[in-house]
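What follows are several structures.
Below, subunit A partners subunit B and then partners subunit C, in two separate complexes.
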Partner chain A sequence: MTMQRMALFRLQRKYAPYLFVTPFIVLFLLFGVYPLIKSLVLATYITSGPKSHLFVGLENFRFLLSDPDFHKAVRNTTVFAFFSVFLQLPLSLGLALLLNRELVKGRDFFRFSFFSPHLVGQVFVAVLFSVIFIPQFGLLNRVLHAVTGLALDTKWLTNPSLVMPALILTSLWMYVGFNMIYFLAALQAVDRELYDAAQVDGASAFQQFLHVTIPGIRPVAVFVMVLSTIGSFQLFELPYVMLGNSSGPEGAGLTVVMYLYNNGFVSGDLGYASAIGWSLALGVLLISLVQMRFTGTWKREE
Partner chain B sequence: MHLKSIIDSFPFGKAPFILLVVTLFAGGWLLFHPIPENVATLRFWTFAKTHYNAYQQIAPVFEAKYPGTKLDIQLVHGDAVTTRLRSAFWADLDVPDLVEVEISSAGSFFRGPIDDVGFVDLTSWLKESGYYDRIVQTRFAPYSNRGHIFGMPHDVHPVMLAYRRDIFEAEGVDVSKIETWDDFIREGRRLTRLNERYMIELSDSGASNLEMFLFQRDGGYFDADGNLIMDDETAVKTVTWYIPLVAGPNRIGSDLGSGRVFTQAIEQGYFLSFICPDWRSKIAEVDVPRMAGKMALMPLPAVEPGARRTSTWGGTMLGITKRCENKDLAWELAKHMYLDPEELAQRFRDTNILPPLRDAWDHEAFKEPRPYWSNQPIGTLYAELADQVPSQYTSPFIATAKDKMSEVISACAAYYRAHGDKDFETYVRTRLKQAAEEVRTYMRRDFN
Partner chain C sequence: MANVVLKDVTKVYPGDVVAVDDATLEVVDREFVVLVGPSGCGKSTTLRMIAGLEDATSGDIYIDDQRVNDVPPKDRDIAMVFQNYALYPHMTVYKNMAFGLKLRKYPKSEIEKRVKDAAEILGITQLLARKPKALSGGERQRVAVGRAIVRHPKVFLFDEPLSNLDAKLRVQMRAEISKLHLRLQATMIYVTHDQIEAMTMGDRIVVMHEGVIQQIDDPLSLYHSPVNRFVAGFIGSPPMNFVEGTLHRESGVLLFKNEHFSLVVPEEMWAPLEDHDAVEVTFGIRPEDIMAKDIPEGSAVEARAEVVEPLGSEVILYLMIGEQSLVGKVDATVHPEPNSVLPIGFNMARCHFFDAEKGEVIV
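Up next, the complex of A and B:
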């Protein structure tokens, strides 16, 4: 190899990595960092129409504190996140445990079946469940009427007290199988020898689950929990489509992101929408930190 | 062999090399295949498929009339029209030359200083051309702001009542004797069987039906000056009257939703009637074809004898954007689309939508009997009600007001189910005041 080629190779080795990361850095700065900074600036303005802005400092954040619709959105989103996470995770783990057993016939088929709702996307699922929840002629009411005698005209999506259960049920159908995949992967990574040792020590199946499985899958469980919480707080498409571009009866389906969208893109107050966005981001960050603190994530890493 | 040596000599391995090649190839392809330059003289967005189909037929005629003109008519989803257009106005980006905007979002484009509104003020053009006086006046209200008309009305949308003629006749209902809502409710209580059959499709959770009754009583969300009136006495009386129709043991109305469920509900006689603006009569023809000949239309019952027999539901405006470079040509296109009697007649046949231009209603198309509607000349029926159509004033805060009114309806229905008439009017008044106050809080934040 000539000296010239060697020099070229050395130059490549030195600068090529920067060349490779440059497109990402440029795009990230342009479409990630700049909008973030811009939205933070916007959050200190009230916008009215396409060109008028009035600097109001922290007024948008102060208004948030007294805004009943924002409170409602936070309440709804928190309820959704709580039930989603605490129903989804046990169900996903249960399914994963079941489908991890060699005794179950057709495991691959079931794994794919449970995972498949996630492949079609939220909008499709929302449309599908809008039809399922239809009063009088919908599948769910027909089945429940036949089995439990529930009134055929039960209005899942127009009765304020049924909207949230309907949304949670829909999200369970979509995400239980998805989270199951994480748990399956985690279960398969648990060292078999630990189970053998536990059996030799006389541990029951439940004790093995408690003392071997749970510690073994804890990092993944924390990851799934944090991810599900963040996803739940970003809820938008499901209620938006299922409730016909509205917040539902008495605002029962209003979520924080929907409220952000309504303010920014329906009412045209981008400043207030930005303030909502930042509040949401900070709230989710705080909740995630609390979750990680209580699940001992950092302690373990130390 | 040469390629293999290149790959082998690439210092970061095979996969990055392939990624790099793919990236270069894709980038190069994009570079040499730029987006075709827009050669259209006028670009036009519409959100309604029926409008789009009709305008496609108009385009060649207009292009022939104005040689050198090229129209680019695009069908854009309703929500996308609003968000894309608003974003384009904000960012001062490319916007269409003409655009149709749905009535419920029109008001939001009038926010801010009047000079910042992205649409051309059509007031002088409409008045100088004489069209202002030939168009149903009330239809300018939703598209006007602070004395400026920013949109040309596409329609009148008078409301009638569509009913299952076969069942009404079998049950001995004589629609000619139904003059007021009291008459209608009396018949409704006789025919309704809870959870099996309802006299009318009415919502107990949304405001879309209620607002028609508000308009019929000259109420609404906002007055002509943009003041919020959703908690005035008319609103209190209307909500107090409306809720017992959809809640409680004597209800005569229910709501299932739109689409296929509506089709089933009409076919199976679950709903015996429904509020039917002109546009919805076409939807019924298309979605519930098996009811052809079994349906008929009647004027909306009046609040009291001799009072208004209609209301209004929905609407569309045509706006010319300020960025349009050929404004005069855009105005010519607007006139061709919205004010040419021949075009309007054909469009009525296609859509059942009554145009706001009075001259057009004399055309034969509006007098033709329609077999679906038991051979009624529905054009004439709707046209006869057009001048009674109430004004519908709007505001940039209309969406918020509608949301709040929907919340009131839902809450009042729940209260009525639980407590009946006891203190009901007081409750309605309190809820309306509370809702209106919340809207006013948002309005006070606006600094223009």
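Up next, the complex of A and C:
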């Protein structure tokens, strides 16, 4: 080999790795980092369409604090997230416990049935449920009327106080089975011998659940809880489609992301939308941290 | 303390899998009984039925003369040590040991006293504040034993407790559990697949095979008087050699013959073998009853030593006579070259004959 070729070879060895990771870095900078920074910058402007913008500093954030619509969106989304976590997760766990028993016949069938709503996507589910919720002829009212005698013209999607329950019900249908799969996997990973030991130690079925099952599935439970919280705060398509591309009667279905969408893409103020987006991100981060703190995820195992 | 009695206990799993077939066994008070057999022989299932973790399909189980078939595990007054220790991962060692007592609502001072006493016996006092994750295998094993001790149960059940430990620790823990038995004067039932563990620890050994109890006896009786070919082959290491052949009466003596050699059967065995003239039998001889030195005149057989393993105290020879392989444990001074031919002899007074078909011992 000549000296020149040797030098070229060395040069290649040195720089080739960087060449290989370049496509990723470029894409990541372009579509990950740049929008993030751009949106943070945007949040300090008032904009009207892409061309006209006015620097206002932290004014957008200050306005958020006193914006009644934003407050409503936060309140709605929080209520939704709260019920999502505290209704969905126990139901998911309960179903998983049921399906984890060997006595249950047709476990695979049920597992798939409960999971399948998640496969069709939010928009489809929203369309499906807006039909189910129709007064007079909707499936839900028919069943409720037959069982409890509830009025047939209960207006789920037009009565402001019923919109949120309807949304929560829909998301239950959609996510209970999905979260159940996580719990089922976690339950199956708990060492069977621990149940034997607990039985010999004198633990009742409930005590076994408390001292063996719960500690055994805790990491997964925390993971599912944090994930559903984050997911709930991103609620958008479900109410948007169910309520006919609107925020519902008296804004009862207005969520944070929907408010962001309305401001950014309907009113055209991308600056204010960015401020909403960043507030949402920080809020969700904060809640997740609190959740992890209180469930002891960070406690050091000595 | 208590006795444990199994009467005609059978366990059938769904799909007609018979795990335990008509097991009858009586464990007397303060006895150390070992259930031993290859995996899948039903020994663990038997133990789990005694614990109440499995229901018996039929038959009766008694602990301390009380029928316990329908008594849940927690009310049977037994404690169990599991193969994988089954320590609660989120509890400290102290809490692991105290858990059973706490559920039974013992006063705090009593729990503390019992846990500390047990920890002292097992030498784990310094580990009480740790979690199982931070312990070695041997330490976890001790905690699992400690959790059983604090309960002061009528019966201790051990389910292959040493199989996850390394060889050296296993030998050490073996001795410690034996010592513990002497100290606690408790009834213990111990399951293992390791025949050496069984031989060294058990007052009596129950040998199981394919769900059926083969023989219940003390270790030496099991070794010297196995009731069938399975027990003979399972107990002892290296295992007993088996040679197929037939018995023939020739010129006033009884001979065991096959195509490679013939051996004179000692006179005291003739009577029981009378009915087996010219019938297929299995000849059994333990490795240590094969000699390569001081062979009685006229009884030597030529064998080829394929592998020679000098262990210092003795030499293990892997021998071939024709196509018949044999393992011999011979005097340490014998040291043939690998693949050399040497004369060997059999200590016929210690040999066994088994029914070739059923495997039952004849003599």
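Convention: the second predicted complex is superposed on the first by the 273 of 302 C-alpha atoms of A that agree within 3 Å, B and C clash if a C-alpha of one lies under 4 Å from a C-alpha of the other, contacts with A are read in each partner's own complex, and residues count from 1 in each chain.
Throughout what follows, a contact is a pair of C-beta atoms (placed from the backbone, for glycine too) under 8 Å apart; a residue touches a chain by one contact, two chains touch by 3 or more.
Model, not experiment: these values are computed from the prediction.
K.L.:
Judging by the criteria at the top, classify the pair subunit B and subunit C on subunit A as clash or fit.
P.N.:
Fit - subunit B and subunit C, as placed by superposing on subunit A, sit side by side.
K.L.:
So in the superposed three-chain picture, is A:212 touching just subunit B, just subunit C, both, or none of them (first/second/both/neither)?
P.N.:
second
K.L.:
At the CA centre of subunit A, how far apart in angle are the CA centres of subunit B and subunit C, to the nearest 10 degrees?
P.N.:
In the superposed model, the angle at subunit A is 150 degrees.
K.L.:
State whether A:149 touches subunit B only (first), subunit C only (second), both chains, or neither.
P.N.:
A:149: touches no partner chain.
K.L.:
Does subunit C touch more residues of subunit A than subunit B does, or is it the other way round?
P.N.:
B
K.L.:
Between subunit B (first) and subunit C (second), which, if any, makes contact with A:191: first, second, both or neither?
P.N.:
A:191 sits against subunit C, while subunit B stays out of touch.
K.L.:
For A:199, is the partner it touches subunit B (first), subunit C (second), both, or none of the two (neither)?
P.N.:
second
K.L.:
Which partner does A:160 contact after superposing on A: first (subunit B), second (subunit C), both, neither?
P.N.:
first
K.L.:
Minimum Cα separation, subunit B versus subunit C, post-superposition (Å)?
P.N.:
34 Å.
K.L.:
Find the residues of subunit A that appear in the contact set with subunit B and again in the contact set with subunit C.
P.N.:
Shared contact residues on subunit A: none.
K.L.:
In the complex, go through subunit C and note every residue touching subunit A.
P.N.:
Against subunit A, subunit C makes touches at 48, 51-53, 72-74, 78-80, 82-84, 86-90, 99-100, 103-104, 130-131, 133-134, 147.
K.L.:
Which residues of subunit A touch subunit B once you look at their complex with the stated criterion?
P.N.:
9, 12-13, 16, 20, 46, 48-52, 54, 63, 68-69, 130-131, 134-138, 151-153, 155, 157-160, 245-247, 249-251, 262, 265-270, 272
K.L.:
Which residues of subunit B touch subunit A in the complex?
P.N.:
Residues 11-12, 16, 79, 82-83, 86-87, 89-90, 92, 105, 108, 111-113, 116-118, 195, 203-206, 254-257, 260-261, 264-265, 270, 396-397, 399-400, 403, 406-407, 410-411, 414, 438, 442, 445-448 of subunit B touch subunit A in their complex.
K.L.:
Could you please specify the touching residues of subunit A with respect to subunit C in the complex?
P.N.:
That would be residues 191, 193-194, 196-203, 207, 211-212, 215-216, 218, 301-302 of subunit A.
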